[in-house]
Amino acid sequence: MSPKSSRWSEYTLRRRVLFYEVDSAGIVHFSNYFRYMEEAEHALWRAAGLSIVRREAGVGFPRVAAAFEYHRPLRFDDEFDVRIQVTAVRERSMRYRCTLMRGEEKIATGTVAVVCVEVEADGSMMAVALPPTIAGRFTAVPEAGG
Amino acid sequence: MSPKSSRWSEYTLRRRVLFYEVDSAGIVHFSNYFRYMEEAEHALWRAAGLSIVRREAGVGFPRVAAAFEYHRPLRFDDEFDVRIQVTAVRERSMRYRCTLMRGEEKIATGTVAVVCVEVEADGSMMAVALPPTIAGRFTAVPEAGG
Amino acid sequence: MSPKSSRWSEYTLRRRVLFYEVDSAGIVHFSNYFRYMEEAEHALWRAAGLSIVRREAGVGFPRVAAAFEYHRPLRFDDEFDVRIQVTAVRERSMRYRCTLMRGEEKIATGTVAVVCVEVEADGSMMAVALPPTIAGRFTAVPEAGG
Amino acid sequence: MSPKSSRWSEYTLRRRVLFYEVDSAGIVHFSNYFRYMEEAEHALWRAAGLSIVRREAGVGFPRVAAAFEYHRPLRFDDEFDVRIQVTAVRERSMRYRCTLMRGEEKIATGTVAVVCVEVEADGSMMAVALPPTIAGRFTAVPEAGG
């Protein structure tokens, strides 16, 4: 993990499977992986000294694409790591890659793309440039295999 | 929609956004689209005279991949359609495509791939062929644009 | 159900159990009953020509108390009715009673109390009187057993 | 907190509000408090060397009643404590009390009652005595104000 004074590229969150996240097949419901990924993204932002819902900044970060591949199931009480990596910081958007590991076992791999928007008074959203105070806190991990 | 006596390729579910599905930005949380897609998949199975959790069949259908692209936000109380289409029926797996529409507006497009598994006594899963009673109920939609 | 031109006291919502609402014991997770109750409350408001999240009214309805007693489990794909009844309309608050039925079987009984608040610019909430346009749409059911 | 070798009466879980737990009013959705209470209950069981879903024990713990009173809202990223206390250990049931605190502020107080059941092959449930290996790990907190 990068020092606080420089740019952040990744963060790893340690997590335990909660009872209500498990479905009737005894495994974590596939929709919850997207929540785990978001939770790690927010932890990365917090580590970088930012909050993803800073009202004063006047911008939001809705998702434009999200995907997961599921390799092995997670079960109740399993401890696992959610590693999120910045793969792109562009003018108006960011991309992340996410890997879930239970010890040495790869559980799942995901991606998410977010766009920076201003929310108008009527609730409509318009894509805008990332504020420098946000863009300046992140940098993409070097190109590599997932 | 296909008649009951033949094979099913698609189903459209009419749905309304519930309060607890909306996040603090006032739009449906992106993880819930995966739940909408699954809900439509189960409605398709029900229409085809099947249940996705028939214990007696001894098989289950965990997801191996899922993705969504988000085009426009959904808000509280919005009515929308979730159209699910079978895009592949293979020996041990199925694939679906999903389109969310609010009237004439395209809200989101998704895909999901499921694999047919037998669950062992110890909870482990092994990929097996789709039972003929299931495979025989579905057929892929003709090739077309996404 | 009352006619549109008079005051509403109750509403019954027909619902089906969704896959992701069921936990690993094969029954609906107890937290979801509170979401069912809220869903019926919102359907009652909609029937009465109101929306519980009308921004223009400038008021919100956070919950101050909620409870359920669970009599029988609900399982995947079960169809059930969620009957919500207004039990009190007071100056700044409302109370509801809720009964879940699967056919003739009583599944669960709940209550919820909400308070009418104005949300200040800083996000803080202050209890205020129900607007007459809202209070005038509801009346409590006559006293009786649940 | 009690030592591992004796009986457990309470546990306090430190938690942070996640983005998807917050509703469009900007506060934690009231249904999630029941999930927080369960999460603390499971943490208490884990601390006591037990798992609430031990299949080998052949018993489960469905809820028969649950309630919350909400004093103050919780917002995104808030850190808070979920303190769960055993208030009764009976032949076939247990009761808990739960207090959510954000620092010195009382956020909410809840209760939950669970019953010990055996699950039959057909999925039906029958109340049975708590196994001694479970009952022997807990004792109620001394009588006191909440």
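The first chain written gets the first letter, and so on, giving A, B, C and D; residue counts start at 1 in each chain.
In this text, a residue touches a chain if its C-beta (ideal position, glycine included) is under 8 Å from a C-beta of that chain, and two chains touch if they have at least 3 such contacts.
Keep in mind that what you see is a predicted model, and the values were worked out from it rather than measured.
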More contacts between chains, A-D or A-C: A-D
Mean-CA-position distance for subunit C and subunit A (Å): 34
CA centroid of subunit A to CA centroid of subunit B, Å: 24
Distance between the centres, which are taken as Cα means, of subunit D and subunit A, whole angstrom: 29
In subunit A, residues with contacts to at least two other chains: 19-20, 24-26, 31, 35, 38, 53, 76
Arrangement of touching chains [line / ring / star / complete / other]: complete
Complex contacts: residues of subunit C adjacent to subunit B: 18-20, 35, 38-39, 42, 46, 51-53, 76-77
In the complex with subunit A, residue positions of subunit C that touch it: 19-20, 22-26, 29, 31, 76
Residue ranges of subunit A in contact with subunit B within the complex: 24-27, 30-32, 34-35, 38, 53, 60, 62-70, 73, 75, 119, 123, 125
